[in-house]
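So, here come the structures, one by one.
Shared chain: subunit A. Partners: subunit B in the first complex, subunit C in the second.
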Partner chain A sequence: MLKPPTAADRGDSPAVRSLPRIAEYLGLMAVLVLLVALFSALSAHFFSRITFTTLANQIPSLTVIAVGMTLVLIAAGIDLSVGSVMALGSAVLALARVEWQLPLSVAVALCLAVGLLAGLANGFITVRWAVPSFIVTLGMLEVARGGAYLVSESRSVFVGAAMGRVGMPLPVIGLSPAFILAVLVVFAGEVLLSKTILGRYIVAIGTNREAVRLSGIDPRPVVVSVFALSGLLAGLGGVFHVAYLESADPNSGIGLELSAIAAVVIGGTSLMGGRGSVVSSFLGVLIIAVLQTGLAQIGATEPAKRIVTGAVIVAAVILDAYRHTLGNRREHD
Partner chain B sequence: MAIANVAEPLPLLRVRGVEKRYAAPVLTDLDLDLRGGEIHALMGANGAGKSTLSRIVCGLTTPDRGTMSLGGEPYQPHSRRAAQRAGVQLVMQELNLVPTLSVAENLFLTDLPGRFGFVAVAALLARAVEALTALGLNELDPRTAVSRLGIGQQQLVALAAALAHPCRVLVLDEPTAALTSAEIELAFAHLRRLRAAGTAILYISHRLEEIRQISDRITVLRDGRVVATQPAADAALDEIVRLMVGERAVGALDQRDHSPGDVALRVEGLTRGKRLRNVSFEVRKGEILGLAGLVGSGRTETVRAIFGADRTHAGRVSRGPGPPLTIAGPKDAVRAGIGMIPEDRKEQALLLSQPVRMNMTLAVLPAFVRRRWWIDDARELRAANELRLRLDVRSHSLNQRAGELSGGNQQKVVIARWLLRECDVLLFDEPTRGIDVAAKIAVYRVLNELAARGKALVVVSSELAELMALCDRIAVMSAGRLVTTFARGEWSEDAIVAAAFSEYAGRGDTARRGRVDSC
Partner chain C sequence: MHPGSRSHTGALLLAVAAALIFSGCGTEREPSRGTRRSAAEPPRIALIMKSLANEFFVTMAEGAKAHQAANSGTYTLLVNGIRNESDLAQQVALVEQMMAQGVDAIVIAPADSRALVPVLGKALRRKIVVVNIDNKLDESTLQQVGIDIPFVGPDNRAGARTVGATLAKRLQRTDKVAILEGIPTAFNAHQRRLGFEDSMRGAGIDVVAVQSAHWEQDEANTVAAAILREHPDLKAILASNDNMALGAATAVRQADKTGQVYVVGFDNIPAVHQLLQDGRVLATADQHADRLAVYGIEYALKILRGETQPHDTQTPVDLITTAPH
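Coming up: the complex of A and B.
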């Protein structure tokens, strides 16, 4: 019976380990390509550089928030407060920049700090009193929204050029620094998840928290850091949002948590925890963005857009469930 | 037993040519006949395919090929419910009770007595009490949530649930793995009554003595094939073991040097409500202390309390002469050099949907780190592979999900997790639950080796023979108290059993009555 690790064990040889992963990406990419082809056929203007760069520059906030959401869902939690926290961060950022005339870097740091604090509060309350994160973050959704109204006195604040070029397209490539940063965050998130101890603990906690605890690992700090990270990324989303719109609106980001969850779930992350990938979530964001832009371009009405988007989300999840049962037939007896 | 020789009775359940494969073939061209009124033991090493066969018989898995017939009629259950309707009941190896529901509700989950769509609570409780008493569980309140029961009690509840429903065929997949002899006697008395009433019983177990006591015929499975079917009366146990494990040598245990060193763990006055009352003991370096007692006597509570898994109301734990430890949770215990292997692998130990390697290295991940944060895959893999060989874990790759392994192999993965972590004190709660004879010896060797290297071990086991083979001393618990401690050479099975009953007034009688019945 003495045998060395077999090829199948050698998860570290990229050929083996990334095979299922790449297949997963391929499925999502195929959907993406299909959607692009469909809209290109339906609308003469769709397949153009300008469509794609515009689309890319719209999604940095959703992208980074989806990264945080992915980690939270894998840890078997949920963060409903991201949209409100983003709005609160935006309001603070605009205030700092316009009213207090603080330097950009300080204002951005303040915005991130607001997000981080909200996330820490979510995490801390969740583990300290062992309450479901659904309830805690639902509370934070209200609290942060209220905070955003308070800080902005319920008015939209025009920021204009005070955000520098963060959200503006760069000369030659047409993409904004915000988009490029968001993609970097995606890769950082994926590396965190698959290569680091923290990532491993996140997956383990999402799979069986009691088993982790009885292995001598305290799950609480891990859970707190996951929520903190999600809050921080919501703050970063706020920075991108203000930079893109050149203003901060206390009503921004309403329902954003649902778009983020939709993107993450389309990417195949399990709502039950323990399984998921950040890159797939990014592909989920792209799918939603292409769908929305494409539907707008072919002149779909708002109700039609919503109905189609909803149907696509459900279809994606059914597909994922189906693919998953294929690989996992054992009735855990 | 003698009747069988007169005329071959017609089989009640007939299995022909059944095949099943997952990544590799699991069952190959399998034939099995189960007669009414017999207890038929199914034996085989871990991963031989026993649970797969029982799941097929009970409609939980569809075979790739093959046919079955029940009482002469074709039998092709598509769900567990269909099998139950045809009169086939199963107690699964990995228990699947609903933890949030009460014991009573779990007992009658498929046929809750109802009135106008509401559960008839009084009727339910009455039936539950009856079913529980039959297995000697008089003390268990049927309104208790199942999540609050230990694994042994859960096993009894699952057994009671199956026995409370009339059936023609009863499949029991390691129903006694966490039970002590007292509970087993009661269960056996019940099984014998069912046999007399004509039920066909397929009985899976890794406990050889038990098989000899209860079964009429034995079928041995190896790598998914039937290698022998014979009357239990003619079977020689070593022959059966050889058939089961093939060329894998079973071997004997080496004698260990029984001269323990300094005190490694001192427990004083551990108390937790009524479940744990003023428990004190010491374990020395290089010593193995066994904890014996009935199911629910507080053995698991003791090790969990030491490990910080549950809150205690009073008591002190210290490492040898050192000051008392403050253990607020398992993390503190591990930091103080104490490790624990919990009794319930599915709920408390395994990450079922994750790869075997991840399960093995979970507790020691920081040891496989490069540049502070990064997991060193190659080193992790090497360590996991060494563990797999050391404990003979049967998985087709280290990336296979733990939930896909057979029960015994899952248990080996749980043990493996703690071997890498160099704890000075190790608490093992039912370490060999569901492990086959050959692998048990491998586990015993590992335990002996740990002791020889100066670790202090506490082993909870419901198998007395196991404790008597391994331990330097055996402490006996009864109703939450540690009643006596026997040193090697001073103990006898009867003395231990008597001590285990000593704190139960009424219950001892029923259990003993069960014992008399079964003689």
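Coming up: the complex of A and C.
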């Protein structure tokens, strides 16, 4: 087991450390509440339990992928391949289930293995040849998409009940097992980041990789594991995706990497690395999902949808910047 | 394509060289092969598609390849697609490449009904036969450029109207329905939407929402779920393709409204067959994707043989309400 370093290692008391975190959540929560209030005012049917359970059941894929993306961005990398890797995993899963008639557990394991392998390849190539992860994962975006077309013969595959009820709402609570798992992944990601040595190394590498190396720690295994984790979570996203839509579409997840990056950045994670929070990324996912669902529900036109979504992403980040300057001032006072 | 053509030229040069070396002075036949090609060699036809990542166009291309394999003495075929459906520049470049290769005919599914017209005009001036399939080129743009290109393809609007009419039989006047549109700028998306609207208006049914889900399953699911909540008394969702119908059918099931909300689609992809059988999708339309390119190729071959042809040719669209066995 990894022994978590105490807060004293970082030179600040637990109280100081937890304060900005809570403020961070509050800021994003405010944006979320504002959006919900706005859509509730615009549509008579928005503010209902069914809206929120449906929304929750739609986001598990994006949520787990955003968790992986958060860790990658904090380590000062980027993973552009997540959408394609998800599609490749989905295609393999559908094939395993429908064509090869494999048991669900084996098919799911295959899908996760595909994600993990893609992530390992990303990480390994990044550190072995010191290629920027932007380029490596851009390459993987193409390779995995091609792979998805190859295994699915560019066709949508209907899976139906072969995925069990993973993506279907549970009775009474109305949430799907996939959503509950995704929330658990969020908390596991947050614990990994803030309470383990690996998490500390990820932050340290994102802040100053050279300093980490000079202090006698090899950053390479850490970077590889971060990309491997992102790939694995993209594979998990594929499982959720197929479970939810009852089918696998080789064109799914195009542009998903941008949604994930948007969610993570709205959550305040720095694109430059070294700073971020997994729970905040989850709030970012919720903001994007509420926006998407709300705009569809009020029947917004296509141009309006695009313009509003873009504007909210930028506005949320500006708000975040303000909150940070305020927070820093308070700390320095 | 390039390596292929290079090796073709390479083989030709080798043949010429061999002929010159082994027969000394060389016969008349071998060196003149290049000019003879258009007269005696089978014509070369270029099929230029939209995205070959799209199931529909893959089926089209495979149909064309199968047709060519069965008629290998009649013509040779070059199949090319673009990376994604909105990449117009790449498709224009493809047309130019095919012109440079000196193909005899171009059969094209244009990614845009206006932007491709000028470059196709250039091809016509080079005496290349051009046949338009799938997505009809814009009449007024053709007139502006001063060219005439025959269209061989299905009437998407009429097809959507038939699907809509089948649905209308299950509904009553003033019932509420929603339409999921494809990419709004695509001609087919527009035609199918109009066809759906025609049939609904004709039956006095109320179209309460029209939203785009860009042909995508995932987005269709999100949009359909939102529409179902906003209009709790919705009776049907008309999806402009089957991928979106799949997404809508899942949304209906997740909203616990299976059997209360009908879903119809378009394209008859294999993934939708199970849903047709279960009744979760009521109807779809089959425009025989595997034959679409073939119709265009056969049309081009007839022109090349000098046969006169009717200007535009409509290909069949069939209503599908049960899964094939």
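Convention: the second predicted complex is superposed on the first by the 307 of 333 C-alpha atoms of A that agree within 3 Å, B and C clash if a C-alpha of one lies under 4 Å from a C-alpha of the other, contacts with A are read in each partner's own complex, and residues count from 1 in each chain.
Basically, contacts are C-beta pairs under 8 Å (C-beta built on N, C-alpha and C of every residue); 3 or more make two chains touch, one makes a residue touch a chain.
Here the structure is a predicted model, which is why all the values come from computation and not from measurement.
**Q** Which partner chains sit in contact with A:G274 here, subunit B, subunit C, both or neither? Use first/second/both/neither.
**A** Only subunit B; A:G274 stays clear of subunit C.
**Q** Using the superposition on chain A described above, determine whether A:T51 touches subunit B (first), subunit C (second), both, or neither.
**A** Once the two structures are laid over each other on A, A:T51 reaches subunit C alone.
**Q** Please indicate which partner A:A296 is in contact with in the superposed arrangement: first for subunit B, second for subunit C, both, or neither.
**A** second
**Q** Output check: A:R200 vs subunit B and subunit C. Expected answer is one of first, second, both, neither. What do you get?
**A** In the superposed model, A:R200 contacts subunit B only, not subunit C.
**Q** Going by the contact rule set out at the top, does A:L214 touch subunit B (first), subunit C (second), both, or neither?
**A** A:L214 sits against subunit B, while subunit C stays out of touch.
**Q** Considering only the contact definition stated at the top, list the common interface residues of subunit A for subunit B and subunit C.
**A** none
**Q** Mind listing the subunit C positions that touch subunit A in their complex?
**A** Spelled out, the residues of subunit C in touch with subunit A are 52-55, 58, 184, 209, 211-212, 216-218, 221-223, 225-227, 229-230, 232, 242-243, 246-247, 250, 253-255, 269-275.
**Q** Across the complex, what residues on subunit A touch subunit C?
**A** So the residues of subunit A touching subunit C come out as 43, 45-46, 48, 50-51, 54, 57-58, 145, 149, 153-158, 160, 168-169, 241, 244-247, 249-253, 292-294, 296-299, 302.
**Q** Which stretch or stretches of subunit B touch subunit A in the complex?
**A** It comes out as residues 22, 51, 55, 60-61, 92-94, 96, 173, 307, 309, 329-331, 333-335, 339-340, 342, 346-355, 357-358, 362-363, 365-366, 369, 373-375, 377-378, 381-382, 384-385, 389, 392, 396-399, 401, 403-404, 417, 421.
**Q** Using the touch definition up top, name the residues of subunit A that touch subunit B in the complex.
**A** Going through subunit A, the ones touching subunit B are 1-6, 8-12, 195-198, 200-201, 203-204, 207-208, 210-218, 274-275, 328-333.
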